[in-house]
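Before anything else, here is the set of structures, which you'll find just below.
Shared between the two complexes below is chain A, which has chain B as its partner in the first and chain C in the second.
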Partner chain A sequence: MTQQTAPCAVTERVIGIIAEVLDIPPHTITPETRILRDLETESIDLLEFGVGLNAAFGIPVADDTVFLTSLRVHLEEARHADADPYKMMAGRYPHLSCDRVACILRTLDDGPVLSVQDIADYVLHALRAGQHEKAPSHAG
Partner chain B sequence: MQAERRVVITGAGAVTPLGHTPQDIRQSVLTGRTVFEPTSVPAGYAQAPAQFDADDALRGWRHRRYLNRGAAMAVHAARQAAGAAGFAAGLPGYCGIFAGSGPHLDMDSDYAQPQHLPQRHDTLCALWMLRYLPNTAASAISQLLGARGESLVTGTACAASLQAVGEAFRRIRHGVLPVALAGGGDSRLSYGGLLAYAKAGALAPCSEDTHAAAAAACRPFDTGRQGFAAGEGAAFFVLESLDHAQKRGAVPLAEVCGYGCSMDGHAMTAPHPQGMHAEQAVRTALHEAGAGPADVTAVCAHGTGTLRNDTAESVMLTRLFDPTGHRPPVLALKSWTGHCASACGAVELAVLLACARHGFLPPVRNLQAPLCDSLSFVRRIQPCTAAELYAAGRPEKLSALTLLQSFGFGGQNAALAVRPFRASTAAAIQDDNIPA
Partner chain C sequence: MRLSHTRGCVLVAGGGSALGTASATLLARAGVPLCLTAGSAEAAARIHNAFSAAHLSCPPVLTVRMEDTARADALPEQAAAAAGMPAAYLLDLMHTDHESLLASASPDTISAYIEANITWRARLVRAVSRHMLHRRCGRMVFVSSTAAALPAAGQGLYAAAKLAAEALYRSTGTELAARGITTCSLRLGYVAAGRGARYLKQHPDLLQRIPLQRAVDVHEAAGALAFLLSDGAAAINATAITMDGGLTACK
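And now, the complex of A and B:
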């Protein structure tokens, strides 16, 4: 495992990206910080986080997956289809551990659940899956 | 039909190469301090940078990353103007915003290696395009100050910010809005910005790589003129109906009395050689002010220092004033600030008010051999008869008008007739209503 892919280094870098976009000191952010509940994050900030993650780690960033943007829509669909929400979560958000999925489902009613560690886990998952790009993408 | 309203300026905010407060601007003019320097890339020209750190000025507002340098200056100036007018906590929701805006040509600050565009773009933010949209400053100003009324962004080249003030004036005069924030901000002090004007042959060459040579490069209305020096800056003004201002006890700095605009329909960049259509804009502004050329007590000319502008403008002004036998003093403030592109009209209005309200007019710098003797160019710091004391309760006893002119590429002409009010003792104590 290279230094960049060490879990704590990834979390630290993710915190750095979030701090820079939100213009706040990094030490005010922890892995447990909830992005949309504890920080003054707007939708355009998520766009900037995505660009920052792509630039820092060279991974493709699916905003919908990393930021759990449609989590509640997918849960509602699963409920309508009488499907197992845990299975749906495992399929759509493979970077989240079973424990984390259980925690999310348990605390849904408290507000937006996305945490800093969720984003770091997405990055780690992408790096381990070898999805990092050789060079930054050239869009368009 | 509603009666026409009188329109006053009750707050000004600025970022200029002469300083940002009226006190600093005045001090620069009185001591002859300018900041002209040789350009580096492309080399061989002169520029006047404003001492402005966008990160510093807009600290605490994280979306500042979406503002290009000119837009950041605009937002800062707008906030200063609102504060100066007594709206530090925010503008009324019905306040309009009228902002002049130029093309953003500062590619080199967005890309590490502009010569290799677009090799790398992973350093750009997701909404990087906002730095290139003309209405980003207006959007930021609206968010920060809560102004949500009728609004307009003008993109009419170097006439843009004077037109923005004029368009705001008209809406207030005719009762569409009671109050508006108007002005503009722009910077072309970048590789792209300077290259654009250098290729167009509009920049004055700098004979040596020294500050002295840069300070001497821009020579409006001189027979030896060779172009303009690039400047940068912003200025915004709170305009409101006299009634609205008086009701809240605001002290007017000036009255806006008339506005005119027109197009040459002549060439892509060159002005009409006799300024025929520029004259139409000027006469419209005077007509709206209920005045004629004989009522003009000072002219703040566009005066870029380019061969064509200054010739056309002097021919036009001579035609305007000669029949009256009246020769008002003619100023060329670009000889002090450099050419602030789309922000020039607003920046020059701010400089004019800073000086005229305290009783003097700045000379035309570097003017040794005037291109004509039919105009009375200001040659040294001159006592100002263009500003009258604003008499609260008796504002009808006022006459002197100052004419401001901005003529842009594409044959865009704008003229504004204003009446600066001399700083009274009370207003002087408040120091031009600018907060510390």
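And now, the complex of A and C:
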């Protein structure tokens, strides 16, 4: 694992991006900080986070996925379709661990769930996917 | 004319038109770095010829067609790579050519036209916004038409596309002005160049309907666009202004 893809380095860089956009000291942000509940964050800030992630890590950023923007819509759709919400979450948000998905579903009624670590996990997932795509194939 | 985002270039999208080359050479004379797009090899040649005739070195020219939807997403980065600096300004003159009565257009033509002139443009504005947002500065100027307000017969799709584009730029200006990115649209009336000149030659009586009694000169229009790109016009944000000699003010 390279320096850039080391989980702690990614989380630190994500915190730096958030702090820069919101103009707050980085030390006031932790991996557990909830973006929309604990910080004064507006939709335009999320847009800037996305642009910052793209520039810092060189990854494609799907705002809707990384910021869980349509999470409640998708859960409602799953409910209407009588589908398993865990499976829906695993499909739409593959960067989130099973434990994290369970935590999100358990605490959904408390307010917006997106955390700094969720964003860092998205970045790590995208970086690993990029490395996988770039890896030379030995098949055949 | 002062463009303060000097660390960036002006991306002139649709630079192969008469207005595009007039605008680009005007900006180049003022020392503004540029990157142009052209919709065909012929349009690219027109750009090279215009710069050569003006004794100016030609800026990078990318061949970009609005039918290539995915290209819109990558265009700001490609322009930045070609110019060697980010795109701090966008001058959008792009439009595909089609006029017919709305009811006579084929369903496939309608779909393709909307895809090229609205979807493509929305993706371009999105990509350019994100490109500019990283540096928290940028200015976008869209070349619209008085047809957006008063379409003639046969301009239904054209007017719809211009109105939709104005709406895209207006929303971008309201959403991102606080982050240093502003927009505006210029609705041009009859311009005595390119297609406009040919149309006016066929319908010379149209000039009598214009209070100014003449069409907009292409260099006048280029000067207005250069002003709208400049620092002095930054407060003209999220709106459309009209340059038509008074045409649309009359019954």
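A few notes on this one:
By our rule, the second predicted complex is superposed on the first by the 130 of 140 C-alpha atoms of A that agree within 3 Å, B and C clash if a C-alpha of one lies under 4 Å from a C-alpha of the other, contacts with A are read in each partner's own complex, and residues count from 1 in each chain.
The rule is short, and it goes like this: a residue touches a chain if its C-beta (ideal position, glycine included) is under 8 Å from a C-beta of that chain, and two chains touch if they have at least 3 such contacts.
Bear in mind the structure is a predicted one, so any value in this text is a computation, not a measurement.
Of the two partner chains placed by superposition, only chain B is touched by A:22; chain C is not. Look at A:51: by the touch rule set out above, it reaches both chain B and chain C. Common to the chain B-facing and chain C-facing surfaces of chain A are residues 44, 47-48, 50-51, 54-55. For chain A in complex with chain B, the touching residues are 21-23, 44, 47-48, 50-51, 54-55, 136-139. Within the complex formed with chain A, the chain C residues making contact are 130, 133-134, 175-176, 178-179. Looking at the complex, you find that chain B touches chain A at residues 60, 62, 118, 120-127.
Listing the residues of chain A that touch chain C in their complex gives 44, 47-48, 50-52, 54-55.
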